[in-house]
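Have a look at this one before I ask anything.
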Amino acid sequence: MRPFLSHPFDDDKLKEECGVFGVVGVADAANFVALGLHALQHRGQEAGGIVSYDPDHGFNSARRFGYVRDNFTKPDVMETLPGSLAIGHVRYSTAGSKGATAIRDVQPFFGEFSMGGAAIAHNGNLTNAAALRRELIERGSIFQSSSDSECIIHLMARSIQKNIPERIKDALRRVEGAFSVVAMTRTKLIGVRDPLGVRPLVLGRVGDSGWALSSETCGLDIIGAEFIREIDPGEMVVIEGNKVESFRPFAPAKSRFCIFEHVYFSRPDSILGGRSVYETRHQIGVELAKEAPVEADLVCPVPDSGTPAAIGYSQQSGIPYAMGIIRNQYMGRTFIEPTEQIRNMGVRLKLNVNRALIKGKRVILVDDSVVRGTTSRKIKDMILDAGAAEVHFRIASPPTAWPCFYGVDTPERSKLLAATMSEDEMRDWIGVDSLKFISLDGLYRAAGEAAGRDAASPRYCDACFSGDYPIAPSDKIEEGFEMKAAE
Amino acid sequence: MRPFLSHPFDDDKLKEECGVFGVVGVADAANFVALGLHALQHRGQEAGGIVSYDPDHGFNSARRFGYVRDNFTKPDVMETLPGSLAIGHVRYSTAGSKGATAIRDVQPFFGEFSMGGAAIAHNGNLTNAAALRRELIERGSIFQSSSDSECIIHLMARSIQKNIPERIKDALRRVEGAFSVVAMTRTKLIGVRDPLGVRPLVLGRVGDSGWALSSETCGLDIIGAEFIREIDPGEMVVIEGNKVESFRPFAPAKSRFCIFEHVYFSRPDSILGGRSVYETRHQIGVELAKEAPVEADLVCPVPDSGTPAAIGYSQQSGIPYAMGIIRNQYMGRTFIEPTEQIRNMGVRLKLNVNRALIKGKRVILVDDSVVRGTTSRKIKDMILDAGAAEVHFRIASPPTAWPCFYGVDTPERSKLLAATMSEDEMRDWIGVDSLKFISLDGLYRAAGEAAGRDAASPRYCDACFSGDYPIAPSDKIEEGFEMKAAE
Amino acid sequence: MRPFLSHPFDDDKLKEECGVFGVVGVADAANFVALGLHALQHRGQEAGGIVSYDPDHGFNSARRFGYVRDNFTKPDVMETLPGSLAIGHVRYSTAGSKGATAIRDVQPFFGEFSMGGAAIAHNGNLTNAAALRRELIERGSIFQSSSDSECIIHLMARSIQKNIPERIKDALRRVEGAFSVVAMTRTKLIGVRDPLGVRPLVLGRVGDSGWALSSETCGLDIIGAEFIREIDPGEMVVIEGNKVESFRPFAPAKSRFCIFEHVYFSRPDSILGGRSVYETRHQIGVELAKEAPVEADLVCPVPDSGTPAAIGYSQQSGIPYAMGIIRNQYMGRTFIEPTEQIRNMGVRLKLNVNRALIKGKRVILVDDSVVRGTTSRKIKDMILDAGAAEVHFRIASPPTAWPCFYGVDTPERSKLLAATMSEDEMRDWIGVDSLKFISLDGLYRAAGEAAGRDAASPRYCDACFSGDYPIAPSDKIEEGFEMKAAE
Amino acid sequence: MRPFLSHPFDDDKLKEECGVFGVVGVADAANFVALGLHALQHRGQEAGGIVSYDPDHGFNSARRFGYVRDNFTKPDVMETLPGSLAIGHVRYSTAGSKGATAIRDVQPFFGEFSMGGAAIAHNGNLTNAAALRRELIERGSIFQSSSDSECIIHLMARSIQKNIPERIKDALRRVEGAFSVVAMTRTKLIGVRDPLGVRPLVLGRVGDSGWALSSETCGLDIIGAEFIREIDPGEMVVIEGNKVESFRPFAPAKSRFCIFEHVYFSRPDSILGGRSVYETRHQIGVELAKEAPVEADLVCPVPDSGTPAAIGYSQQSGIPYAMGIIRNQYMGRTFIEPTEQIRNMGVRLKLNVNRALIKGKRVILVDDSVVRGTTSRKIKDMILDAGAAEVHFRIASPPTAWPCFYGVDTPERSKLLAATMSEDEMRDWIGVDSLKFISLDGLYRAAGEAAGRDAASPRYCDACFSGDYPIAPSDKIEEGFEMKAAE
């Protein structure tokens, strides 16, 4: 099942790869982490892990495949995670690696150093991990996982610094890419964001005594924590007792927060970069209605991620909003297909058209993005089968034409519909009466930049739309990836 | 997790107790039944069962606790259910009975008779089951379950009729209450509705060769079946090969379909009694906006079951519709509560307020019903914590003041908030600025009765609102239940 | 894994089908029953069940596939079985029926009657069950299992007697065959043996307040109970409080205890019919050495069931006893066979020849019985592969030439090696230097009948050897089974 | 359940900690390894692991708690282990560490080096592991387990040798203690024994193309492999294709094979150091009968590990051998104890006295060893309860007075009965009529040294009896262990 207000077609969506959470200064911190990870489940559904520390029991860890609610609610698991300091991680594990040994890839990663142990959880992706790994193996490090994130703990192990925060700085100065890291020692909770701040990370106050770090503010809400502030791009915070120390271990850089977090990844009730995600999505709908109006009878979201934009489109256009597609909340894609009669079984398991409503109507469908386009075709089939007079797709993001190398699972470029087709070609391929994407400027306006995108210095990372990569994907270039030619 | 477009607070909702489904005339019928039950999962989430028949393997059965998607998708289960004829059942099992032996209570029930076996699945509740059970035990029947429905199969076993359809008639003429039954012999698929047609049952065509019976039309949609017609109140259909025979085994009666199926139980994409459930719910919102207008900034549904009425209310009132409450789709109520700091943990696991949207706003919350009222209080707390200026509850059903005895799990009468308080008292107890329920007449108008409720001969069963029980609950009366005094 | 001192080749052995156990008058009686069933596990390894009664919680039941030690040791299972009165059953479930619904076949069976509930557990087999079942179904009983034993509970349900002990008498007077039954009401523990006493049942004292019924005395030993006496053939005991009442509900008959219980089924530390099973088996070895001597270097048991007879043979013959075949106690027959190179994989998983010992020796192998003979061939292969100079089989029972219909799972007659071959033909087919079975008279002598078998009135049931069936197998005769022609 | 011909009282026995197995040159090598580990299960019951290599799928690994038969028989596990080269390990995991993360302690360990991956499995114990671990962490290695064996893979990672066999030599020259190692690269199967050859390791031929390494010869037997020879103490073999290369990486030393492998650890059907284990045990019984005769009626083994010595004692003494104690093969120690009435429940679950045999008799009980002595007391109680006239214990090993540091789990010295009591004191404490241990010289004679133990240069490691440690236990000495004072 896919995330919060998400889209039911996992296999045709970009996927965030991780969420991180940490708590210090409260009894049974692991229980708070479990709740925080539950609220961040949409950032990674395949597996999760928690590490806690207690003076009497040392570091303990539990890593499991499956949902947080199914693993980290069991007393026999939670009892193994005592202590007032804990961090956790949820992850999306790429297809195929979920085999017999892949539990090794589940974070947090732990290392025992001469001055004591440390655990880290990483959201993002390191763009020079392959090179670092080669170098570390050459020098005698033994990797336990296939994860890029494991480089960080080995770099820490080899640092000559005498305390762990300094070792983390040493390690993170060697890595490139996107990283929001939550780490812990026996006494400290540590949070770091990469210089560009590609992935989110926020700080919260838990009661009078505790602190929390979370990928999104919704993780603070669930434990009743007060949202204090974002960790700044390039900032490292070290929390011990009541003290929150701030460091700037990296050379200064202009921030480039991921705009797709607003479009799709984050929960609508989160606040990122000072903006409500829901409000951004609603405004995308408003902008779309201005940019791409069409006469119709109904505006319907593709549930659930298209909903806020559809409401915005309806309110701007005056066309009534309605639930034309109903989502089955008891997902499950593994039913045995009884016959070929049932076309598009995968779709039917998750969605049903509200036939009585749709029949004879001109329908605007608002979806968040088009990746391969296969799902858009299936939905169009269902809507037409139900007797719609016209189908108009409105997409709440620009065409996705470039892969992400900063912590999102994207198909290779040739599989992206927008990498090979124009908007009109996509419309014809999908087979709808009209298809319009919001413009990149329109998206920036909806995200609070009234003047649209400043091409000279864009506020956000929008590489998936623009091909403008703010961090060179060096491993991928070595593998043969071709960057966009300079224009 | 609760059902389709449902409300996240299971313990403060009325619960439908069953869904039934059957298919004949297609290869591997059990796979179709699994899909149909998946679409009907909202009618019973705790357990499910399927019986199939194949000439080479006889009758086979699988009964499991848990969701259809988790049990009836496994090849090792489905392989045990061969044949072109199968029926199934999903059920809500009342709290406490889900112990070591309660799998015995999971339907379908099966009986081997001298002329061959038969299986039955029952949606509804028999109001004279206790008396029948005593009588049957006295005569030597051995009950395997605590279910009222088991009486039917024992009455069939003791019938002197020579074929199973006649035995079903014999048995069902002895029972009182609400029943939509799907049954099967080695060659026949059989459907029956009680004389008043309290619970739904529809007939569909599967391809060229097959037929399906389903509690709701959404069960037909998922398998690509064509909706043919409803089974009439008091009708019995016997399907064999291409022939659908219709019988009227009971004395004629005026139909009294359950109006709560429209309000809450059924899926919004189903069509019941010729009406779209979604349309009825949308119209309830329209009626509510007329009956109980209020100045406000936002209309927000309590997700998910309040959504269609909230859209209707918004469109009638002109007040913008918005998602003020966000639902976590990775439910789970068993997290270990870390501290008392986190008030209303149960709510937080399922819902989060969209704080950026709500702050400072006058908010209309549209919910489907109020049962105990405890959830309404918690939601009000959350909304006020998030800084709402005013909170107005609008309820898409009249006050629920009487228990249902026809297949719905209702708290005893003294636990129903509306049984002990006036509307104003309820408003004060919940603690909101205003609280309004739709009137019974308004509900009937929304459900297609332009003139409202005809007290002399109401179209629907509305006993939970009116105390007007169309079938005497004889077992309950024997236990001491007091009917509403004649007015 | 096969039973206590059993033979490792399940598929080439006769199998006892059940063990029964009951306790009254002790706190948490189900825990005692679990222990008793654990001691009786060799009588049925595939499934087990326990029913208990407690005034506050009524009757409770748990039925599980698998070993007692894996199911009835779990606190979450045992907590569901409160009370000071409980009975239990272990069973061998015939191949193929262990499917999705076969848990229904696991005893004890329970019935709710107008005067209260009762549960029964049955060891043995009813020879007129098929006819009874037809009659009961005709009259409206609904069977839940495929077990012959279920007839008993339906006959009880239809009895017009006013108390349960009388209903049990009524029921058991209608059945034919072998039965040792343990039953319980809300206050009484009841034990009954069929008139011929084919299957065992013993009474024990538990501390000062309690009583136990067990198939074998080893079930008393494990709970520290004192062995009081056997239940007599044709006797019924009704135990309540400190009182043990004895009844004789059946016409008197001469007892015919199953001699195979001594040969193989029962545990060697049990005492049956006043005789130590171990002593009988040891004496069989002594008799065999007298009847079938041979020059050799070693006497080796086929582990484990051949051990006592091998010791006896060694002591009588003066040929040294040795462990020529070593049994792997971590059984498991489902390893993936890596190649055809590994002949007789099934054997290798369970046994290994002690090559250093066997090489160049003349070896006498003592086994308990020969059923199909396939295992004997494999063992012979292993012994010869290890370099034995000669192999002589000595079998601790006469040739098994007839199926058992009294509670033992036997292959159909045509599959029994001794039904189609003479002793010499069997020797050649197995491929050993000599093969000798103990004579029927020798077996009787070893079992305490100094004069051998009295053909006019044999002490034991020996139908599997002699074809002399003391109870007519009426269902089987109706199916076409041909009895031995009168001589 | 405890091992092959083992003793049922795990908690009062010394425990071997590991078995290792490897195969190369056969299709689906992991299936062979599974069988080999099954045959070695008695060397480690708590967990097992297999690593395989296949050119198309690289290295794969599966590690599981529980028996080999329960994990490595499943097609879904075995399919993940393709390739013609595989190694495996079974282990005993010390009490308490079997928590959430302890699967990390299950071998084989794997490391990816710059020239490719390697996996190792280790039987034995490194006596300088703590010091090595500190040094490696200081230099930046990250340990994943608490196992001493992990040092080997880190030492390999840091070696500057260019191929893996040379790195193994480098690593093993740094470690001290007992080790029989089986390792693999992408093409090579490697076996090494420490210079003293404390733990066993044998080489076998699998068909025409393959080779196997196994802790014991019984692992070869199960896969039909031919026993070629032992790996010599201090030898390293590197097997690739049809070539077996032999190296001597260590300084020469006189071998000191563990004599307890003969007494208890190894399977009786194995051949170790050119001697049959069964024959050694049988001879121990013969020696015991000579050294410590006593008048009695029966010689009974404490099952199962005392059996061969009991047979030997009986044959030497002329006193009849009998099964006075019967073992329940359906072990399980977690039954809920119903009352205090049942004394020695743990014993009763596993053993029962053959009362009919024992009553009134003078019984000699032959057991393999006495560790804490608690079990001996319980068995004595049972035998006396059954009415034995006299009880004489004869122990097939000298008093166990010193802990083992070479791969056996021993209680600390103060818990060893023989460390604090004389033989007479032990006799009185256990409460038997006589108690005699075989002498150390007698044990050497039984193990093939006609002249007994040569104190100047003993053939075996017998530190657990003599306190003569052939390898200094340096980590333990650092922790405060006091060696035996020089005499």
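Going by the order they are written in, the chains are A, B, C and D; count residues from 1 in each one.
Here is the rule we use: a residue touches a chain if its C-beta (ideal position, glycine included) is under 8 Å from a C-beta of that chain, and two chains touch if they have at least 3 such contacts.
On a predicted model such as this, the values are computed, not experimentally measured, just so you know.
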Given subunit A and subunit B, the chains that contact each of them: none
Residue-number overlap at the subunit C/subunit D interface, same or different (half cut): same
Distance-maximising chain from subunit B - centres being C-alpha averages: D
Gap in Å, rounded to a whole number, between the CA centres of subunit D and subunit B: 62
Inter-chain centre distance, subunit C versus subunit D - centres from mean C-alpha coordinates, in Å: 37
Mean-CA-position distance for subunit C and subunit B (Å): 50
Contacts with 2+ other chains: residues of subunit B: none
Arrangement of touching chains [line / ring / star / complete / other]: ring
Interchain contacts (touch definition) - all pairs: A-B, A-D, B-C, C-D
Interface residues, subunit D side, partner subunit C - complex: 1, 3-6, 26-28, 31-32, 34-35, 38-39, 41-42, 45, 67-70, 72-73, 75, 78, 206-207, 218, 221-224, 267-269, 271, 276, 278-279, 282, 304, 307-308, 311, 315, 320-323, 326-332, 334-339, 341-343, 348-349, 352-357
List of subunit B residues in touch with subunit C within their complex: 60-62, 77, 80-81, 99-101, 111-114, 134, 137-144, 153-154, 157-158
